[in-house]
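Next come two complexes, and both contain chain A; in the first it sits with chain B, in the second with chain C.
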Partner chain A sequence: MIAEFNVAHIIWLTNLRAAMEFRVAFVMQIVGMMINDCAFLALWILFFQIMGNVNGWGGQQIFALLGMNLMCYGFAFGFAGGSLWMPRYVEQGTFDSFLLSPRNLYIRTIASHFDLAGLGDAILGVILIIVYAVMTGSALSLVWFAALLPATTILFLSVSVICSTAAFYLPDSNHTMMAMFKTFMNPAVYPSALFPKVARFVFIFIIPSLTVGGLPVEAVMSHSFLTLGLVWLIAAIWLLISIAVFYGSVRRYESGNFVGLRG
Partner chain B sequence: MTAIIVENLVKTFSLAIRQPTQGRLRNFLRPEKEVITAVDNISFTVPEGQAVAFIGPNGAGKSTTIKMLTGILYPTSGEMTVAGLHPYKNRRELAFRIGTLFGQRSQLVPNLPVRDSFELFGAIYELSPATVRRRQKELIGLFDLAEFVDRPVRKLSLGQRMRAEIAVALIHKPEIIFLDEPTIGLDIVAKKSLREVLGRINREEGVTLFLTSHDVGDIEALCTRTMVVNHGRIVVDESTDALKKDYFAHRPVKMVAVEPSLEEIIQDIYGAKK
Partner chain C sequence: MGLKSSLLKLRKYWVAGKISARDSSSNHATIFSNCCGIAVTLITLFSVYHFAFAARPSIQGVTLSMALWSIGMYTVYWSTGVRNIYRDIALDVKNGSVEGILNKPVDYIVLSVCKRLGRQTWVCISTLTISATILFLMAGAPPVGFSFIWLIEFLSLGFFGFLLSLISFSLIGITSFWLDDPEPVMWIFDKSVMILGGSIVPVVFFPDWLKLLATWLPMGAMISFARAFTNDFATQFPTLLLSQLIWCVVMLSLAIFSWQRAKKILSIYGG
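Let's look at the complex of A and B:
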């Protein structure tokens, strides 16, 4: 398995070098995404300035929530964004090249592409988490975030892989995949305190949005090992499901010789 | 030793067919399905070191067969082994032992020099940096890549790119090479040079070649045996020489009279006046 991650690392470095060939686009994408994220953060800060705290959540927690979200989105797709490209690979028949590769198919596929904007997310996410630690005066929170980040990133990737396997069942599945993925992703950027009990259960255990957003922040705030364990357990279960769904779906792959035609 | 064994191989695809007589809503809600048999119960063996052409019209099942042999597609039924391995059960082990070139696909990194693709594929095939450097040097010489090996792939001509594609596909010294229309879109000079190199690899290194092509020149230059497929079945399987004798014994010759040049016409008109 270490060999697989070594190869994934080399593929990532190669993709990074390829992206850096276009210097202006490279910088613009990273900085552009950071500016976009800052605008979203500003809206939340404005909201809490007007509304005050909501069920114990305020500006500080929003720094933690967005920091966590951006880090796991950024690390997931800034390092392994191939899952988002799977519909294109399947539709155009370029998935062939991964099947011809002597590597682990799951890792090879997700490592095949990296989202440059995701690197911008990851950088800003780290900055926001550091700001949160400074604001709360808790250096220990950084350790908690570090303990949670691998689990939330794995969960993020697993859900994206499951959504992308729609490509093996449906033609032109890119929009379907994005719709499914946004259903998961959108609730993750809202404070968990806003969710009533039933919705909380649904968005932790069935659509695990809060498990990459609100739940990790709660774990950091309360230093709860139980919540930390729950996040890791949910991530492990979704990882196993994603592996099973991915390999089950690959059997349906029909390849193809896609030729574009424009009228 | 046998490089490829195929027994009763079948591949079917299911396709939704739009019925012109039905309404659009009915076609959308309850489309009729048609089962297409792309490969229909084929069997053959290929000994090690042989160069085989697998030819036929578009849609005959050539690419589908290659894709099953390389582990890309699961067969509907039938058995096969390639280099002693089951392509779909031992996909990763097989990938270390075969090389593939699909003329319509690129596996090189478009924005980086060819040299970077050598290094990437060397790592993917678990070769040591020293082995990669040695193989890279050999292949650059063999395929005459020195002139453009440090140029980004997107800046290469089609002929240069195809040479680079196949060189990179050979970095791990495969025992069997599957080539699906390797010379598609190449000019005569590029085709000739690619055929020469492939022929040399087959003769000197004993590498098995399994080739599909619509170009008779590829087959004549490289392959000692030809299988012709049509509608998913093998209809002819014999030596390329025998095939030429049996099926091309009578060659129609088209004669075209060369038109006189403008200078000759003018000379005719004005010369006659004189």
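Let's look at the complex of A and C:
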């Protein structure tokens, strides 16, 4: 497994160097994405200014919520953006090259693409989390976020892989995959305390949107080891499901006889 | 004769749109997943507002129904998919297919717009149906006194807002002739539309300075029809319409100018 991650590490470095070749585009993508993300922050701060604190949530919690979401998104797609590119690989027949690779297919596929904008997300996410820690005066919260981040990133990736396997069943599945993924992602940026009980259950276990956003923030706020354990457990289950779904779906793949070279 | 030839010219764009619509109608999974996405987003957002309004009938004189209908209108705008025009143009420029289309007796930009609108038809119809159902279920009937004048005002703001969106997003697409990737420009523009259009917080709640920006910037003017569900709409209407008309003229002039320049700098590599 360590060998697999070493290969993934080399692919990431190669992709990063390739992205940095076009310096203006590199900076524009990162800065552009950070400005783009600030829109959500501005909107929610405005919302809480008008409405006041709602069910214990206010401006501070929004920093933590968006920070967590952005770090997940940034680390997941910055370093493993291949999951979102799978429909393109399948449609263009370039998935053949992954099948022929001697490396682990799952890791090789998701590590194949480096999303530069994801780096902007990750940087802003880290900044927001630090701002939250400063505002609440709790350095310990940084440790809590660090303990939750791997689990939520794994969960994020697992869901994106499951959505992307639509490519093996449907033609022209890119839009379908994106729409499915947005269904998962949109509720993640809403304060979890504002969901009624049934909706909470649905968005924690069935569509695990709150598990990547609201639930980790609740764990940090209450220092609840139970919630921390729950997030890790859900992430582990979704990872296993995504591996099973991925390998099950790959069996349906029919080669497009595409001939080419990949770095 | 002049009218007939003009109609014949327009027919090819109509046919292109129709073919795109027929083509996209076969993708049931996309239509279904889009509907699910819209439903989840609206229900989540509306639940948040139900929570916020739970202990009070109105906030700053705005009722829950007014807030939800205003936000719902942003979804209506979003479901038209008009913003994706920039991506179609950028993709054609990137992969070089724009060169081939320019050789044909069609206007490339008009063709791209028609194809996009055609491709979006079924997604738009289905998401509008879902949005309207959720709106009626969660917000009740629209909080306005229906009248012929109100309807004309609402539709005219909707029409010019749509036109302004078409032109603006085409203009962003045209920038791909100069920029390697217009995506960062789009992100900033799109998020400004999201804020000033009232996607999560309706414009009626904005502080005065932000309301002024929402009225007089094109990003807000595109969705000013969402303000038809508030109390001061009748007095606001002339200003909102004027802003839209000014921006339509400005953006159209910019788009025509940029398109002429873009055609001059286009390098054809053959293939």
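Throughout what follows, the second predicted complex is superposed on the first by the 256 of 263 C-alpha atoms of A that agree within 3 Å, B and C clash if a C-alpha of one lies under 4 Å from a C-alpha of the other, contacts with A are read in each partner's own complex, and residues count from 1 in each chain.
Here is the rule we use: a residue touches a chain if its C-beta (ideal position, glycine included) is under 8 Å from a C-beta of that chain, and two chains touch if they have at least 3 such contacts.
Just so we're clear, the structure is a prediction, and the values are computed from it rather than from any experiment.
On the superposed chain A, the positions of chain B and chain C stay apart, so the two partners fit side by side.
Greater residue coverage of chain A by touch, when chain B is weighed against chain C, goes to C.
Of the two partner chains, neither chain B nor chain C is touched by A:133. Centres of mass aside, this uses C-alpha centres: at chain A, the angle toward chain B and chain C in the superposed model is 90 degrees, to the nearest 10.
By the document's definition of touching, of the two partners only chain B reaches A:21; chain C does not. When both complexes are overlaid on chain A, the residue A:111 reaches neither chain B nor chain C. Look at A:217: by the touch rule set out above, it reaches neither chain B nor chain C.
When both complexes are overlaid on chain A, the residue A:124 reaches neither chain B nor chain C.
By the document's definition of touching, neither partner reaches A:68: not chain B, not chain C.
In the superposition on chain A, contact is made by A:10 with chain B only, not with chain C. Think of it this way: put the two complexes on top of each other by chain A, and the tightest Cα contact between chain B and chain C is 6 Å. Residues 22 of chain A contact both chain B in one complex and chain C in the other. Across the interface of their complex, chain B is touched by residues 3, 6-7, 10-11, 14-15, 17-19, 21-22, 93-94, 96-97, 99-105, 251, 253-255, 257, 259 of chain A. For chain B in complex with chain A, the residues that touch the partner chain are 13, 63, 67, 70-74, 91-93, 95-96, 100, 102, 104-105, 107, 109-112, 116, 119-120, 123-126, 152. Of all residues in chain C, only 27, 29-30, 33-34, 36-37, 40-41, 43-45, 47-48, 51-52, 59-60, 180-181, 183-185, 187-188, 190-192, 194-195, 199-201, 205-206, 210 touch chain A in the complex they form. On the side of chain A, the complex with chain C involves touching residues 22, 24-25, 28-29, 31-33, 35-36, 38-39, 42-44, 46-47, 50-51, 54-55, 117, 166, 170-173, 175-176, 179-180, 182-183, 186-187, 190-191, 194-196, 199, 207.
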